[in-house]
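Chains: A, B, C and D, in written order; residue numbering restarts at 1 for each.
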Amino acid sequence: MGITLKQAQTAVQAAHEKALEMGVKMNIAVVDAGANLVAFIRMDDAWLGSLDISIKKAKTARFFDMPTGAIGGLSQPGGPLFGIEHSNGGLISFPGGIPIKGDGGLVMGAIGVSGSTVEDDHAVAEAGQLAIEGKR
Amino acid sequence: MGITLKQAQTAVQAAHEKALEMGVKMNIAVVDAGANLVAFIRMDDAWLGSLDISIKKAKTARFFDMPTGAIGGLSQPGGPLFGIEHSNGGLISFPGGIPIKGDGGLVMGAIGVSGSTVEDDHAVAEAGQLAIEGKR
Amino acid sequence: MGITLKQAQTAVQAAHEKALEMGVKMNIAVVDAGANLVAFIRMDDAWLGSLDISIKKAKTARFFDMPTGAIGGLSQPGGPLFGIEHSNGGLISFPGGIPIKGDGGLVMGAIGVSGSTVEDDHAVAEAGQLAIEGKR
Amino acid sequence: MGITLKQAQTAVQAAHEKALEMGVKMNIAVVDAGANLVAFIRMDDAWLGSLDISIKKAKTARFFDMPTGAIGGLSQPGGPLFGIEHSNGGLISFPGGIPIKGDGGLVMGAIGVSGSTVEDDHAVAEAGQLAIEGKR
């Protein structure tokens, strides 16, 4: 099903280090190609409500193989995917979820981060993604 | 786990008295630091649909350690958190939920009120909050 | 819808006092004739998992107008109501939930208690019930 | 909120090492005092259905501050807690979930493991528990 535990832990650790460096408290989740959780951490005193959001961001990014913010661009009122968040037990369509690709460009999982601004969330998720994709 | 039952009951009673004084019929909920219910009352003839809303407001305020209305300001169409209400089994992002802080400023719980206008809901929740925070 | 907030609070307080007297830590819930929550308290350090159980016991007792333990007697393997717990979003069919009757014997609500043995739970619920029914 | 991320990761790692030593493929979850997830890993090729079970075991152990198997002993047909699994969004009442106590004996979280026999699940969970409790 794609990403290994070792890879997922590498992504989580890189994201964790980025969060510590930025001084933000994050929930960090990695799912595999089946959109099922592989690794997760919640930093001390991170927002409790971000636990579910981080997992939903990772799932959403894998469900559609695109960054979560891209879906949000399409799900605004009047947009083509308005209301898509009602599917799949609840999607999150703002930034912080990013697919992780393996050799050959196939999506093998995704990372979702929540706990600060959406810009911070995305930056921390990207650190996790690059720890894997940069090593291909 | 933060707020004690005695503190939660003090907050509920203060909010209840404020609601009686204002002539409004409220559902009043207090959760602890884990976002789990500690005390709840529904006033006679209060809106039945506000039962769930009051509890969700209290949880939402604790999930993100801010008043629920602040989240609603960010979750409008085009805003950075559009659609966040789909997380955590359903958030409520309009006013009426307020975190309750303990000594040292740590959030130890939250109060959620629903049954009238959002302005009234917030005023009643604030009465509950201040009954605890004013006694520090 | 039956029981008033004042009556519900009387029941909760009587149950709370009984629990303190017995040295047990309880979750105590009262619902009205519509099986909707009217008053709730969780004592400090009471089992967290008993929060949901106390509310489900109160609802179950009102759903069928009988003590929850009576339903459990019918829902055992081979019994006529085997599996009934799957309905209504989850029933609890062991003791600790008791209907509360008003003048004329009509059920006007129910009390549910959870946090100790089922015998203790039932005894504390009964203290709440009698605080109302004994005053008719 | 009890257990820290560092402690949770120590427990997960100890359980992971035990699982590798035993040659079993596990899902390992740690929750805090509020029964909210702090850390999670799923080993490569571990049963997918055990993901949810491991988290529910950790939550169940914290909900009632006892090993999950102890609840199962009481929830059998004819037992006092028959059907308790229907509460709290689904409990798991067979072995593999164990509370984790902090200084003074207070429960500060729990670990849940799923992926093999219940004996194996319990043994791996215990390795995680002892990595924390043995360091007090």
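Please note the rule applied: a residue touches a chain if its C-beta (ideal position, glycine included) is under 8 Å from a C-beta of that chain, and two chains touch if they have at least 3 such contacts.
Just so you know, these numbers come straight off a predicted model, no measurement behind them.
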item: Chain pair with more C-beta contacts, B-D versus C-D; value: C-D
item: Approximate Å spacing (C-alpha centroids) for the pair chain B, chain C; value: 25
item: Inter-centroid spacing, chain D versus chain C (mean Cα positions, whole Å); value: 29
item: Euclidean distance of C-alpha centroids - chain B vs chain D, Å; value: 32
item: Junction residues of chain A, two or more chains touched; value: 48
item: Chain contact graph, described as a line, ring, star, complete graph or other shape; value: other
item: Complete list of chain pairs which touch one another; value: A-B, A-D, B-C, B-D, C-D
item: Sites on chain C touched by chain D in the complex; value: 47-50, 52-53, 56, 72, 75-77, 85-86, 90-95, 117-118
item: List of chain B residues in touch with chain C within their complex; value: 4-5, 8-9, 34, 36-44, 48, 51
item: Chain D-facing residues of chain B, complex; value: 1, 32-36
item: Residue numbers on chain D that touch chain C, as the complex places them; value: 34-35, 59-60, 62-65, 77-78, 80-84, 86-89, 91
